[in-house]
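Each of the two complexes below includes subunit A, the first together with subunit B, the second together with subunit C.
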Partner chain A sequence: MSVRPGKSLLLRGYVVLVFIFVFTPILTSFVFSVNSDRFPTIPLGHFTTHWYETIFADPDVWDAFRISAIVSISVAVLATFIGFCTAYTDYRYNFTGKAFYLSLALLPPTIPLVIMGLAMLALLARINMSGEIYSIVVSHVVLCSPFAMAVIRMRLAQIDPDLESAAWNLGASNWRAMREVIVPFCRPAIASAFCLTAAVSFDEFAVAWFVSGLNKTVPVIILEILQGNTDPQINAIGSIVFITSMTLVILAQLILMRKTINQTATGI
Partner chain B sequence: MNQTSAARPLVSFDGVSKHYGSVVAVHTMNLEIYEGEFLALMGPSGCGKTTSLRMLAGLEEPSEGEIRLDGQRINEISSIERDTPMVWQSLALFPFLSVQKNVEFGLKMRAIAVEERRQRARKWLERMEILELAERDISQLSGGQRQRVALARSLVTEPRILLLDEPLTALDANLVVRMQGVLARLQKELGITFVYVTHSQSEAFAMSDRVVIMSQGRIEQIGSPKAIYRSPASRFVADFVGANNILSGSITETGEDLKISTAVGEFHCEKNSDRDFNTGDTLDLVISADLVQISMEGPEVQNSLRCRFISEEFVGSIVTIFAELEDGSDFKVQARQRDLANMALEEGAAFFASWNAADAHLIGGNGA
Partner chain C sequence: MAPTENTHSVQDMRQRRQVTLYGLTWSMPIVVWQLIFFVFPLIFLFVISFWLVKNYRMVPGFDTINWIKMFSKGYFWDTYWRTLGYAGVATIVTSILAFPCAFALAFKVSPKVRRWALFFLIVPFFTSYLVRIYSWQIFLNDNGIFNTLFALVGLGPFQLLNNFFGTLVGYLTLCLPLVVVLQLISLANVDRTLIEAAHNLGCGRLRTVFQVIIPLAKIGIILGAVFTFILTFGDFVSPYYLGGSKPPTLSILIIDTTKSGQQWPRAAVVAIVMILTLLTIMFASVAAAYRKRT
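Showing the complex of A and B:
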């Protein structure tokens, strides 16, 4: 498709504006995280890594990162596994109530996070499971599994339905065919789902705030620092969180896209 | 074809049916497939040919009847244990494995040691003339190369029978002809049984020893390509195979020759079967389009028909002429292009078609 040069320039300008609108707050936060002034004012002071040094000197922040890492990796493993199973069930079987099953499986992200957090707290407290690291893991798995399922389901929709039969035909049992054919075929989607769910869990604040008790994750500690004192520490820790989750999300995208490009490029 | 009297069938379908709810896909099928033959299952889509093949592969279970492999009932034996490898219409090659790993798959499932696996796979790649592609990705192969990988993958376990489900559908015409040659030669060299499902007459006739024509879940005819082409057993087969003209009529005389009266005239026909013909029997007269002669003047011969030229289809040396008879029904004639060169055939032109009494084939009548 060709666009007239004038129009194309306008379009480009528009896209740039949109990106500026989206990324300015984050960029600003990053700029002030390496600025020596205590308050975010212009003109800027000089460059410093002081605020980063301050947060890394704080054992609470280290603890929060440790807990966040444990939680997001556990969540990624569990949510990807559950998401894969749900997606495969959808691909392979037809049963009555399948539409209901699918809408239930996709429901959690549509619930407002505060409600979800409260409900989780109410439930976990009742069964004496609140305030632990695994409380956060359980809650985040509920929240993240649908994302994993959606990504893997998209991949399974592209599979040649004869592929699994071909494996049986060549002597593979159901489990073997799953291991040798379905999982390798879904591998890019599984990796992508893993990164995506890790990122969602790493970022999530509301639910974690309700169920974490004394085991604070990074977003929770950010709020605490913010409530205590306003200084560019917040910008520093914010930048780190942003880079971590952006890396995971972009990785997820790249893994998925590389596979798709390979396949469409060659066709049949 | 190893159809000696002693030959036991390798595969038997004994009264096999397959229902999906109220839909009958295959209806009481009886068929014997012999060791070392190339058998084609042919019919229009939905005739039950693929379902039959899938039942043989163990991917569908028969609703009724028994399938035997080497005399053993295999209804309950799962696909995994049957060793009835299949070449799929989509080929179903594993896109995440290299050519070599694709071919090794069946051996890996049988827990064959790595080194032996590698050697046997390479032997088959060499045989299929694609050894140099061993390390490639499937996505880097052409259509014909993929066919060869699919064949190697199915044959690497050295089965006694190979099932092929319209494997040439995705190829372009000239490659189809080449792969037909490859398949036919391969089958002769290996001496194993090939069961080939297709809707294409040219594929079925070019390669197979016997052809099974199916329609609506039933077998219409089993025979050599020539027998099916020249002596269709039913109106369906006459319509589906070749380019046949079918005239319905009834017997008016049963002397030396039969005399048959139809809506467009009376024709003589040789009694080309042993059965009894009685005056008054209704039957169909099948005249293959390639056995018809045409001329511009009404010849004073038997079995001549007046036709009105409608159109022609030119496919190289052979021309198919589409014409209309006096009662409005269609009539086809196939002739060599050079024989038609000096005839003034234009739309609406009248010409005469005739055939030998021995060349008409009779179907129908007394329950035949």
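Showing the complex of A and C:
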């Protein structure tokens, strides 16, 4: 296509504008986390580590990070396992009611989180299971499994279907073919799904707010600061959360890419 | 559920239409988990919408009073239509604002730039939505950054917070990156030769966009719109912390009804009305997205 410089420039300018809109709140949050003003505006105050010191001195924040870590790791393990099972089922089997099966697997993210929180709390409170760390875990697994399934299913779409059959023809049982063909092939996607679901769980606040009771996770603490005396502590916590989540995501991406390169190199 | 084989080896053919332990091992975990922790809670929510609240405690029963009470309140319907309107406006605004950006990234930049753009559009999903909303509060409040800047050139102050403008900024923060990504993927898959064919046949530039490119990228555009609608319809953070919570949306109504009023059965009524609305809109749009063009 021929490019008219004037129009093209306008479009490019617009793209930059969209990215500025998207990244302004993220970058300013970092800036305000080291800015001295209680109610930040411009001109900025001076540099300070006060907000970080405040949160590091707060045992509730430490507790929240501990609980968030436990929750997100447990969620990642369970959701990745369930997601793998579902992705493999979708890849290998056809059966009546498969459309229904897949809707059941993929529908949860379309239900508003407030409603999920309400429904989970109503039920868990009734059977005395609310307010515990595992209450958050079971709810988050519902929300995260679809993501894990999607990531692993995309990887399975790249497998040569004859590989599994070849293993069977060479005398491997279903289970052995799974262990020696399917799982190794999916390993990068499994690692990637693990990091992704951990990150999603680490950030989720609405359902966690309803069911967590006294076991508050980090985003629930942020929500409570937002409801009460808002101050830049939020930015300090937010910056740490951002760095944690991004580390997980970039790790997931790197694992996926390195494995793919290795495999092309060795010819698998 | 009776899993049968999907692939085509000899061994497969023998196992066809046979329920095996192996098949069940992989197909059952999601069914069990989602039935217990997803379907069952939602059914339970429906059940408690018929329960009563006595002395701040829920009492099992079967009474349609909650449904009648909610449906006869003008307040509920006002909130319902407001929420629907907010989500509708957010959907249209987000789709329109996202399109030129997705279009430029799909057709006007190198593949390398496109890959980086995609990466940077995914980053926001892993930042706290709450923290981003707090940042916007700093920008939009009466003594905030925007009004300070406006004052420098002798304008304002404008009210940017605690009204629908604030809410809309929040909705865009939540949805814009996702919608650009979905539209971009759809646009990048449009067959370039069809666009060239349109140009060769004398179709104008703008007309090509509206009559060739948009219909071909329909699925991504509709999917983006549906996601925006779902997310904004259920979101309570933007209307609460940027929109000022008054007048409320349905999600805020649910929170107020449960957290302060202990009126769980009535909150359940609101929740079920929301789910039914969302399902209707979702099925209608998916049907529209995959309908053959006539």
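We take it that the second predicted complex is superposed on the first by the 235 of 268 C-alpha atoms of A that agree within 3 Å, B and C clash if a C-alpha of one lies under 4 Å from a C-alpha of the other, contacts with A are read in each partner's own complex, and residues count from 1 in each chain.
Just so it is clear, contacts are C-beta pairs under 8 Å (C-beta built on N, C-alpha and C of every residue); 3 or more make two chains touch, one makes a residue touch a chain.
In this text, all values refer to a predicted model and were calculated from it rather than measured experimentally.
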- Could you look at A:169 and tell me whether it touches subunit B, subunit C, both or neither (first, second, both, neither)? both
- Query: Which partner does A:222 contact after superposing on A: first (subunit B), second (subunit C), both, neither?
  - Reply: second
- Message: Quick one: is A:187 in contact with subunit B, with subunit C, with both, or with neither? Answer first, second, both or neither.
- Response: first
- Note on the structure: The answer to whether subunit B or subunit C touches more of subunit A is C
- Task: Return first, second, both or neither, reflecting whether A:59 touches subunit B, subunit C, both chains, or no partner chain.
- Result: neither
- Intersection of subunit A interface sets (partners subunit B, subunit C): 165, 168-169
- Query: Can you list the subunit A residues touching subunit B in their complex?
  - Reply: 160, 162-163, 165-173, 176, 180-181, 184-185, 187, 262-263, 266, 268
- Message: Give the list of subunit B residues in touch with subunit A in this complex.
- Response: 57-59, 78-81, 83-86, 88-90, 92, 94-97, 105-106, 108-110, 139-140, 143, 153-154, 157, 170
- Item | For the subunit C and subunit A complex, residues of the former touching the latter | 1-12, 20, 22-23, 25-31, 33-35, 37-42, 44-45, 48, 97-98, 100-101, 103-105, 107-108, 117, 120-124, 126-139, 143-145, 148-149, 172-173, 176-177, 180, 195-196, 199, 230, 233-236, 241, 251, 254-255, 258, 264, 267-268, 271, 274-275, 278, 282
- Item | Contact footprint of subunit C on subunit A as seen in their complex | 1, 3, 8, 11-12, 14-15, 18-19, 21-26, 28-29, 32, 39-42, 81-82, 85-86, 88-89, 91-97, 101, 104-105, 107-108, 110-116, 118-120, 122-123, 126, 138-139, 141-142, 145, 149, 161, 164-165, 168-169, 174-175, 199, 203, 205-206, 219, 222-223, 226, 230, 234-235, 237-238, 241-242, 245-246, 248-249
